[in-house]
Every structure is written in structure tokens, then in C-alpha cells.
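Structure first, then comments.
We call the chains A, B and C, going by the order they appear; numbering starts again at 1 in every chain.
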Amino acid sequence: MIKHFLTTEDWSQQELSQLLADAGYLKDNPIQNHLTGKSIALLFLNPSMRTRTSFELGMQQLGGTAIVLQPGEDAWGIEFEPDTIMNGDAEEHIIEVAGVLSSYVDMIAIRAFPAFKDWQVDRLDHKIKGLAAHASVPVINMETIVHPCQELALMMTVQNHLKTVEKKKFLLTWTHHPKPLNTAVANSALLVSSKFGMDVTLLCPNKHYLLDDKYMAAAKTQCEEHGATFTVTHDIEAAYQDADFVYAKSWGALPFYGDAKAEFEQRKPYKNFIVDGQKMALTNQAKFSHCLPLRRNIKATDEVMDADYCVALEEAENRLHVQKAMMLKLMGKDLTTQNQNK
Amino acid sequence: MIKHFLTTEDWSQQELSQLLADAGYLKDNPIQNHLTGKSIALLFLNPSMRTRTSFELGMQQLGGTAIVLQPGEDAWGIEFEPDTIMNGDAEEHIIEVAGVLSSYVDMIAIRAFPAFKDWQVDRLDHKIKGLAAHASVPVINMETIVHPCQELALMMTVQNHLKTVEKKKFLLTWTHHPKPLNTAVANSALLVSSKFGMDVTLLCPNKHYLLDDKYMAAAKTQCEEHGATFTVTHDIEAAYQDADFVYAKSWGALPFYGDAKAEFEQRKPYKNFIVDGQKMALTNQAKFSHCLPLRRNIKATDEVMDADYCVALEEAENRLHVQKAMMLKLMGKDLTTQNQNK
Amino acid sequence: MIKHFLTTEDWSQQELSQLLADAGYLKDNPIQNHLTGKSIALLFLNPSMRTRTSFELGMQQLGGTAIVLQPGEDAWGIEFEPDTIMNGDAEEHIIEVAGVLSSYVDMIAIRAFPAFKDWQVDRLDHKIKGLAAHASVPVINMETIVHPCQELALMMTVQNHLKTVEKKKFLLTWTHHPKPLNTAVANSALLVSSKFGMDVTLLCPNKHYLLDDKYMAAAKTQCEEHGATFTVTHDIEAAYQDADFVYAKSWGALPFYGDAKAEFEQRKPYKNFIVDGQKMALTNQAKFSHCLPLRRNIKATDEVMDADYCVALEEAENRLHVQKAMMLKLMGKDLTTQNQNK
């Protein structure tokens, strides 16, 4: 049974905590040689800046090699449906992609955003699951309908500033954006903040912006397990009040999934969900973060982005450290044990 | 006189056998440092997954560096015609590309599919020949109108399963596909199977699908030199009967070259050339392979692709090993001698 | 205060001379390990062959790692305007790009051609200045409205052939081209040839092709400081007469900036500015060079490009050496001192 990193739902809080500890060690000791001779294929079906740079660089800092492939662009388009007659655009099947890459490299990472046509299909996360099912090496999620690497980077940042995170108020706020974006980072923010026992508040304009039941229920359950609260609100002031950490993300309303135009029409009134200094003043001197990329003065004002309390760059940097920790873990290199042995 | 790897026609069976032996050694000993400080430029004028990954990774496993360039995309478009007034799309000439890259790197590899306009032009393989003519370092063919790296990987796979290959029945079968594809891999399959003395059978729907005379004649001659047979047939059952190795590929009919629509119309009746379990049952427990990418249930059924006798993934993996052997050879690193000296 | 490499205007002749000396050392000793564990991000907003290959390879030859990003293609599009409401195409701001990449890598290089709409905007070079303003690591210019890496490669080539360069006649000649190109290399050729005290002649069809006053004035001043001459002429024969080094480049006429069609109409009569053997025969056995890519038989004839006096390939090779010297300098590795200590 191969240990993949598809979603943090498959990993315990303890396991994630260990990764974060390892990441802290790697932040101070970036150059290692634990993965000399090892390699990873990075499959990007969508654009990337942080993810690509941090994985390529991280792998090289560990002594290994990263190969970047863009199926449908520089590499052949991939069919993910099983049992299909492949007379469309895709030239090869994920079964072969997984098999071939498994014979070349030691890990495979994939970024595969949803198709934005039918959420009932996309919510199954079938692309990465298909890859993992047919790969004989560990598979890493670089963002599908969740973004577990971002979760680790976020929690590393939260821990750095709040020290103890249990029952601290974590606010996830929806923001405006010209396009209905992926819910992945929002789903992930709920998953990780609740897994670590924070009091989680989800702020969004109306019920259309509630996230998929799967993630709402998981957050609720995980909060309860820690005796923490999970709150959903459409009241901006109440949401920001006394927050210890503010996390912003824009996403598309699931009831309008696949209809970007209708979705845009109904979100128009909600430009006021932008994160600004006035809202941040309501908090308990909260830090603010965002996964990036971020459209300034749409999602958050210049004032917020340029403030000392904005830790989005720190979170981005942490991507490098947590991913290196995770790759080491998947390759069976126990950094902590090795450190203890020193 | 620089030794290039443009086509196996320039290499003896003995030389290729040595490369295959070296590849076997590298399969067991993948990490080497023979090419430390060396570099290769990989020019992709067409998409690639296996080729790019295996060359990039292979070079790094040998201690060297690979630079990937996509002329016309991330790099400037290239003019290949000599003596031309360059007022078209191309910003620079292959003479300069070859000269500049030769001053940077130690090898240059190129993938340059034919233009699919005029076979009388494309059959001259002028793009890679232009590169080789103006390069001062070895040039490697990553698929033009032949695919010699694939030949090595195929023969390594054939040898692994058939042990002695002489006079074993090698079937190259045409298959359907939505588009008229390059004949390169088909040409190459004929070249390498005949060079190693197999009894070669070419199965295709009708005379339109015969390959270029050059490759048909070479196959015939090479078979004869080994006392082996070269057979062309349009009879599916006869072709599969007692085959020891089945190799599938789709390609466009040369008489319709440059007219994809007409070609498609006349190939319509031949969907039955798909490789399926029923056909494979006629063979001498043959292994099946394909160069990949492969459209499932168009070229071969899921049943065939998922069967134990499908060795397409093994052939893909062998690309890595044979290319490393070949790069070492071109760089004057005689792996076998070094092994013997150990 | 971070030392960037944005334009040679910020660097003294002495500093540049030291870089050229270092480059000469690196030409003979290409493989170094001074930058082990170091990394550079290469941001390409435009195509590249030489620049990308020489930076990627150069960094690896120094022991480090290069990450190639193409914002707007494989990475998110970048907004460069400050204080803007980001509701356009760009997904993130240069402030965040600079901040994030600074946390990952040790240097950031960017190629950002002008927008070709309004020269009064483009001449401010605001894209790279925005990057440098928000980066906490050295920033390198891979061509914006100047091309300082090319300047170094050019001067290394000039020095190699002319030995003493002061008061040698350097001819920069405009040539025809189907499109109105960037003035960067032309600006740079004026800057570097005058900084090293050559007698500089700018040959162009008419006053519309004069370069921006900023560069014309800088050239004039720098020539004067060396007691050298700066001449502008539209007379082809006079320009080539007794030239010691001929450098060709095509560029768009600034008064027609942003109107490629009108520009093309008015340049039509000037196809005779092509560099040919007849013109070269007027020189003092001058070498000819060009930054490449070059359209043969548009900018220069095959005769010129294939002549022994064409040193364009040497200049291209020198890109590798000078950029390695410059990266070492920016990373505080003083190659010369280290050599002296040996």
C-alpha cells in the first residue's frame, strides 16, 4: 500500500504535525542530500508559480531532480475516464501516464483543477485518484479540489504567529474576483484549521457560497473533536470580530457551477467582501494571509497587503519547506530520527 | 567526423547490440557520474512525454544537465531551408541554432515531425540533417521520419522476452486512429526488426498504407542478409498467426499525404485493425507492444493493454536505459570497457 | 542596498572590465562550484533561446539551480502597475512575485520586452524597476529596453578581436526586418561601445530611426570622456568606411511606436541597409556581429553570415561566460581574488 499525499483527510493531525516540525528544521537547514538520485515528475494541467518553483527548487535542494510536464501543452493530452473509446483530443490514458512515469521517477505530483462543468463529477476528484490508482510510486496533490500542500504551509504560518492554535478564531472569508474560482483552497482551509482544533468561522455572502457538504461536515466534526466551534455566517462584522487569523479566498458558488456568467451576475453585489484595513481593525490583532496569486484591490486592499500583519509571503515561502518535508516522508526519509541520531 | 545518432541506418547491428548491452547494465546501475559537467540541449518542435522525461532524467542520472527548448514556443522559430530570404515567421536559421547550441552544450537532440504537406520533401529528413550539418557536437534524433531511440527500446524489450530474436515472427500492424500520423515509428520498427534478423510481417489495410520504399527495401534486404523473411499482407488472421511479437502503430497513407480529410475517409472501413484479444489469441503467445501514446479502444482494446502480455510500459522504461547508453557512447564513454576494467 | 544588474549605466567601466576578465577565466574554466546551493529564477515574458540556455546552463555549471518561469503561460500573468484595481487579465502583482521569489531563490532574472504601445511609458523600464524595487535579492536584466548581458558579450567579442578598443571605429547599423523590433540591443550597443571609448557611428535611414535621446546623449558624453567621437549618419558608404567593427540590429522608428503598419510602410525603401559583402569591403577588415536571432538575407546576407569575419556565434557563446561572471559577482563571489589566492 503506497502512502500518497492526495488530501490531508488521509493523514492524522499527528502526522501533519510531524511534517510541520520537519519543515521547521528544513527552513533552517535547506540544503540536504537525502534524495540524491531520486526524482519527481511534476504534471501541471494548469498554471503555477509558487508550486512549480517550490517543488523544483525543493527537490534540487534535497539532491534530487524534478521534471516539469504540461500535458496538453508540451506533453500529450491525457484521458482520465476509464473504459472509454479515445477518439477525442487526448492522445493517451492516465493508466499509461501513471505506469510510464512510475518507471522513470520516484514520485509524481499533479495539478489538475476541476473542469468547472459538473460539480457532481468534479467533487469525486477522479483525475488524481486515477493517477494514484495506476501509479506504483507516491502521488502528490499540487491542487485539485483540495490543496493539501497549501494546508501545510498555512498551518506552519498560523503556528508561527499564534503558537498554540487550539480554539483560536480562524476566519475564512470569501472575497470577490472577476471569475468563479476553484473551491480547493477554501475546502483545504476548513480541513486544516479544524483538524488543528481552531474555532473556525466561514464568512460568505449567502448560502450559494457554502462549500461542499463533505468539507463543511468534516470541519464541523473535527472542530467538535477538539471542543472547538464551527460557525457559518454572512455577517462581515461578526465574522471579523476578535478573529486571530484571517484567511481570504474567492471561489465560485456551487449552485451556479459551470455557468460563469450567471455566477458573476449574482456575485456582483458582494464587492464589499474585500479585505480592508477597517475590517482588520475589528480583529484581535489578527494576521492576514492568502494562498496567492491575489488580485490587489479586489480580494484585499493595498493597505492590507502591504501591512505588517500580512503574512502571505511567509505562507508562500513555507510551501517550500513543507513540501520538502513531505517528499522526504514519502520517500521514507525520517528527518527527525536522523536528527535525533546526530 | 562527428558520430551522430540520426538513424540506425548509420549504425551496424553490432554497434546497436553493444548499446543494448550497455543499456542493460544501466538498468541495474542507473546512477552514474560519467557525464558530470556535460550538457545536452533538447529541441522539441512537437509534444513529448516519454522522450522529454527520459532524456532529462537520463542526463541528470549520468551527472549532466539537460536544457529543454521549444522553438516557436518559448524559443524563436527556426528556418530550415538554405539560401532563403527569411521574411516569414521564423526568426532564426538552423545554421545559427546549430552553431550557438554547439558552443553551449555537448550534444543536441531534436524532435521534428514532418510537415505533412509533401512527402517527397519530408522523406529527405532535411531538418535534422540541417542541424547535424551545422552542429559541431553529436546530434540525436528524438523522432523525425524515423525514431531510432524507440528502435533501441523496442529491441531491448524484444530481446528480453524472446531471448534469441533471429527468425522469430515480428508483426508490425497498422491500426486505426482519428488522424493520419507520422510513419516514423513504423519505418523504425521495420528497420530494427529486420536488422536483428527477425521474420518481419507488415500488416496494413491496403497498398496505400505501404511504407516508403526506402524502408520497405531496407527491411527486405536486411531480412535476406539473415536468411529471414519479409512479408507484406492485408490478411489480419494470416498476419497474427504464430506471431512471436506484435507491434502496433497507426500512420497516414502516403498517397494521401497532406490531405488529412481524404485520408480519413478512405481509412474509415479499417477500424477492425484494432489489436484485440481475439487476434492476440492467434499468436504464439506473443507479447504486444506499442511506442505510446496510445488511444485505448482505438488502436488496442483495454483487454490487450491491461493484459500480462502487454509490454508497452517496459518498452517505455527502456527508453531511459538505451538513451543513456547512447549518450555515453556519443560522449566517448565506453561503459563496457570501464566495467571490464573494474 | 542590493546590487542589481538592470543596466550598465549603473556600472562603471572598471566594474564591467573586471566582469569581462572574470568571463575570460570562466571561458577556460567553465565548471565551478561557487554557487552550490544557490538558485536563480528566470522570468521570461518573451521567447528566448540563447538567454535561457546560457543562464540555465551557466547556473548549473556554477553548481546552482535555475528555475524557468513564463508568466502568462505556465505561470500566472503579472500586473506591473502600482495602485491598481486588478480586474484585468493579470492574476498577481509584481510586488508579490518579487516577494515570493525572493524567499525561494538567490537571484531573479527577467526578460520583459516593451509593450510597443507608448514609448513614453516603455522608456521608463517600469517592469524591471518594479521587480527590483520589491525584490530582496539581486535582479538581472535579460532584455527590457536595454540588454546589458548582450553588452558584455559584445564587448568581450570586440576586445578579443581588436585588443585595444579605444578610438577604434564601431559602427552600429540599422537593418531592415518585417517587424518594428525592440530598440534594446541598439541602445545597449551605443552604451557599451561608448563606455569603452570607441569611436561610435550610428547609421540609420533617417531621423525617425534615431534612438531615444537618453541613449544618444549617454553615448555622446561617454565618447567625449574618452576623447572619442560619436557620429550619426544616414550615409551608408561613409559609415562603413574604415570601420573596425560592424554591429547590425533592426529596430522600430520611435515616432511610429505602437503603429507597426505605418512604421512598415515608411521603412520599405530601406531594404538596402542589409549588411552585405560589398559594404563590408569598405571597412578596415572589420569583424561583423549581431546579437541573434538574425533573419538571413534580410538583415545580413548569407555571404556575410558565413564569412570568417562574422563573429556572431562567438558573441553568443560569450553570453554564457559573461553571465556566469556577473552572477558570481552579484552573489559576492570574487573570482579574481580567489584565483589570485590560488
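By our rule, a contact is a pair of C-beta atoms (placed from the backbone, for glycine too) under 8 Å apart; a residue touches a chain by one contact, two chains touch by 3 or more.
What you are looking at is a predicted structure, and each value in this text was computed from that prediction instead of being measured.
Q: Please decide if copies chain A and chain C contact each other with the same set of residue positions, more than half shared, or with different positions, and reply same or different.
A: The interface of chain A with chain C is built from mostly unshared positions.
Q: Hey, what angle do you get rotating chain A onto chain B on C-alpha, to the nearest 5 degrees?
A: When the C-alpha atoms are superposed, chain A turns by 120 degrees onto chain B.
Q: Can you check how far apart chain A and chain C are, centre to centre, with Cα atoms defining each centre and the answer in Å?
A: 40
Q: In chain C, what residues contact two or more other chains?
A: 73
Q: What residues on chain A touch chain C, complex-wise?
A: 30-31, 44, 47-50, 52-54, 56-57, 60-61, 70, 73, 178, 292-298, 302, 305-306, 312-314, 316-317, 320
Q: Please name which positions on chain A make contact with chain B in the complex.
A: 37, 39, 41, 65, 67, 69, 71, 73-76, 79, 83-87, 90-93, 95-97, 99-101, 103-105
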